[in-house]
Amino acid sequence: MIDQFLIPLIKILIVLNATLVGVSYMTLLERKVIAWVQSRLGPMRVGPQGVLQPIADAVKLMLKEDITPTKADRWVFTAAPVISMVPALIVYAVIPFGPTVHLFGRDVSLYITDVNVGLLYIVSVASVGVYGIILAGYASNSKFPLLASLRASAQLISYEIAVTMTLVSVILVAGSLSMVSIVNAQYNSRVWFGFVQPVAFVIFFIGSLAETNRAPFDLPEAEQELTGGFHTEYSGMRFALFFLAEYANMIVVSSVATTLFFGGWLRPFPNVSALHFLGVVPSWMWFLIKSFVFLYIFIWVRATLPRYRYDQLMRLGWKVLIPLAIANLVVTGIVKVMLF
Amino acid sequence: MPITPTHYMLLSAALFIIGVIGVMVRRNIIIIFMSIELILNAVNINLVAFSAQLHNVIGQVFAIFVIAVAAAEAAVGLGIILAFYRNKESVNIDEMNLMRW
Amino acid sequence: MFDTSELVINMGPQHPSTHGVLRVILRLDGEKVVDAEVVIGYLHRGIEKLSENRNWTQIVLLTDRMDYVAAATSNVGYCETVEKLLNVEVPRRAQYVRTILMELQRIASHCLWVGTHAMDIGAMTVFLYAFRERELILDLFEEFCGARLTYNSMRIGGLPQDIPPGWDKKVLAFCDIMDGKIDEYETLLTHNRIWLERTKGIGVISGPEAIGLGLCGPALRGSGVARDVRKDEPYSAYAEMDFDVPVGVQGDTYDRYLVRMEEFRQSLRIIRQATQGIPEGPIVGKVPRLIKPAAGETYHAIESPKGELGYFIVSDGKSTNPYRFRVRPPSFCNLQGLPRLVRGHLVADVVALIGSIDIVLGEVDR
Amino acid sequence: MLQAIAFYTIAAFILGFAVLVVTTKDTVHSVLFLVLDFLFVAALYVMLNAQFLAVIQILVYAGGIVVLYLFVVMLVNLKRPPEAHSDPHRMTKFGFGLAAAVLIELGAILVSGYMKAPAVAATATEASMPVSGNTEQVGWLLYTSYLIPFEIASMLLLVAMIGAIVLAKREL
């Protein structure tokens, strides 16, 4: 009973809470990092160095008046933020934060579950997230959000293809769809797949920037063009949900990138016993460090690059990334058949 | 009470009927298309149920083919809807009574 | 919806990238702009009419409020026009200081432009970098005249006060800082592939067409027309300065960007020459106590950061107010080119183009 | 017991949302119900131990096809209600009659108590396959016995893609 219900429940609680806290602190991190890039200080008022800023933000957003436009489709308008938030959270069910460890006298795996279609599960759940954006744009009954949501859905669907293709080439190398097996495969092959599949990794990274609506692909919420994009008409907690979903997605993407391309919880050179001292840092810590590096790069990119235009974005997706991903997949397949 | 393939068949048949009623009653061609998707799903439920019962994944393979056909159908069908809408400003199936326009 | 009919989108007057209260009514086919109509007047304060009821000295203060990001240039332009009307000789020291102020103002204005233009295209960091340097210029202005935005920094016939001691050193020090900062902006933008894709070939306009539309300033020079009032009809101390007038080739947004970036450098060049060569002498010319120009009219234009800023003033010779006061604002003239520029481009390009012609609504509406 | 609860819950949701799909007036709401319906069908697949298909169901149906529907619904913003005009030749009554007949048959099956589990031995296919696991088995079959249908399906999708582009593009 304990193994079946209690431990998974505790794990879900921990992951969910850690995610939500992590997401809210991502907003602080983003503001701080961008501030440092731009030679500013960022939030400094709430708490020392502004560390309590996310809490202040949350309180403010919760107390804000929740406005529903008169002509909005009330039902869908309320559901849209939830629809975009939920997929971002349930993806964490299959992300392995660490291997199975011995804890309090029993073997506890540092992931909620390991399903044999783990990677496909992530892709499919992520593909449902697009509804939140489309419906938000539709339900607002306003032109700018509608334009933005059409842009967003076209963008997400296009880049999903490229990203999925790169995942397939990783699956080919790993020989499994399960996230845990993919990490183990990297242990066994003595090399992180990021070095085996550099092209796939680059495409995945660019694609995931687009999938999470981050700069330079943040067209759906291009403030300067569409006055805030699909969440123009939203306020208060509903707006916050969209915001949190974006950050949760960023964390998901970083975790997936870490797992697939950078060895998940494995320390650098896991097979070199000379580097055994690196094992001092626990496995889940390695996972978090690697993910954090990705998150940092996300923010860094945002602070540096201008924004693509819609048609250029589509051109990049369809004419560069997808053919490249397919070519990479074919080459991977050929090499795999020839050599192994 | 054990859940037998008959349960799944009944569910599938009920879903099928709902789909058929949708096709027959509604005049909005988009809804009709969605009803067809329901019908296809009813078929898939059957296939997968038998696949589970017979411990044979061939049923699931066929379900995948059905999904592929559904995707193709949706793409072409929605293309037709858009073309029709562009000419007639309508998606009412009863106004779709010409072979060409 | 997007395939079957045109969509009319109202951009502004409250919109994050219309730089104030500009309103553009866009007719879209999909995301393509079929036509654009610019609606102005949301910031109209009647400065021209107001000026006809103020005496000549008071008007300087009103000119601050036109191009509020380049107030000193407006001040100088007005004062020079009145000096022309009065036939007053301005001492060379004042001329030099005016030149320095105007060029500092040009850099400040271009800083604001490069920041907001980049921000519109999505590069947010340039904005804060540029504002950081603009702050240094504002400090210099504050030291000179006590104000940071609306300076009221000029008097008819010369300067309100002499430059503070050591100010010229600070200006030179600023020039040294600014050199590196311009390179910094260029590192972030000039060869950035996304920036190139967003600006190259956008809003292409040929030289003759740009003249036909009445474009001026960097927007005109971007199309390859080397028209610069500082060179063509020198005023203040520009005749004694050695500088180039950068021109573009293609006439697209990127060329307009390059022209302004080069103007940064040319401005620094002028500031260095002028600061090192400030002559000694009085700062105010022989201006009558009661300014009452003889009946007549005059037009005088200067090169403001946005283009040719002209003042047309009629004096009836009887009152202490101008009889007629009219401004030729560069932003206004450039703005009328916007519908031509955006036609056929995408919605995202509209903001890039609004940024590229560099308008200030205070000047457009007056 | 647990299985029965799960089945009845999921079945109720599937049928309930299906009814909502065909009865809702607002087309966008209808599309939303369709997504929910598909998600529950996917849940049913998980119950039937067909995880791969469940994921494909979500990925292709919910993430792909229905988004397409949503796109079309948003593209055709109707100025008049789509159901305004009715063709006098419609045989709605006949349709209802047919549906009723099938329903009666279903009821008959229920009443006759034909609901016991048939004892079927596992067919030999599963045992003879060199791989284990749902995904692996489906993949194995797709790429061995059903390779030609699989390729034909890919052709079909290609043709559909081209067809959709030809139909939907205004000027070619």
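Just so it is clear, A, B, C and D label the chains in written order, and each chain counts residues from 1 on its own.
The rule we apply is simple: a residue touches a chain if its C-beta (ideal position, glycine included) is under 8 Å from a C-beta of that chain, and two chains touch if they have at least 3 such contacts.
In this text the structure is predicted, and so the values were computed from the model without any measurement.
When each chain is reduced to the mean of its CA atoms, the one lying nearest the mean of all protein CA atoms is A. Comparing chain pairs A-D and A-C, the larger number of C-beta contacts belongs to A-C.
Mean C-alpha positions place chain A and chain D at a centre distance of 29 Å. Computed centre separation for the pair chain C/chain D is 63 angstrom, with centres defined by C-alpha atoms.
One inter-chain figure worth recording: chain A and chain C are separated by 44 Å, centre to centre, where each centre is the mean of the chain's CA atoms. Once the centre of each chain is set as its mean CA position, chain A and chain B turn out to be 33 Å apart. Among the residues of chain A, those in touch with two or more other chains are 150.
Taken residue by residue, chain B touches two or more other chains at 82, 85-86, 89, whereas all remaining positions touch fewer.
The set of chain D residues touching two or more other chains comprises 52, 56, 64, 71, 74-76, 134, 170.
The touching residues of chain A, when paired with chain C in their complex, are 34, 37-40, 143-144, 147, 150, 215-216, 218-219, 222-227, 302-312. Touching chain B in their complex are the following residues of chain D: 1, 3-4, 7, 11, 14-15, 18-19, 21-22, 27, 30-31, 34, 37-38, 41, 44-45, 48-50, 52-53, 56-57, 60-61, 64-65, 68-69, 71-73, 75-76, 78-80, 82-87, 90-92, 95-96, 98-99, 102-103, 106, 109-110, 114-118, 120, 122-123, 125-126, 134, 137-138, 141-142, 145-146, 149-150, 153, 156-157, 159-161, 163-168, 170.
Listed in rising order, the residues of chain A touching chain D in the complex are 73, 75-76, 79, 115-117, 120-121, 123-125, 127-128, 130-131, 134-135, 138, 146, 150, 153, 157, 160, 177. Within the complex formed with chain A, the chain D residues making contact are 26, 28-29, 32, 35, 39, 51-52, 55-56, 58-59, 62-64, 67, 70-71, 74, 133-135. On chain C, the positions that touch chain A within their shared complex are 2, 7, 9, 15-17, 31, 118-125, 128-129, 132, 188-189, 192, 194-195, 197-198, 346-351.
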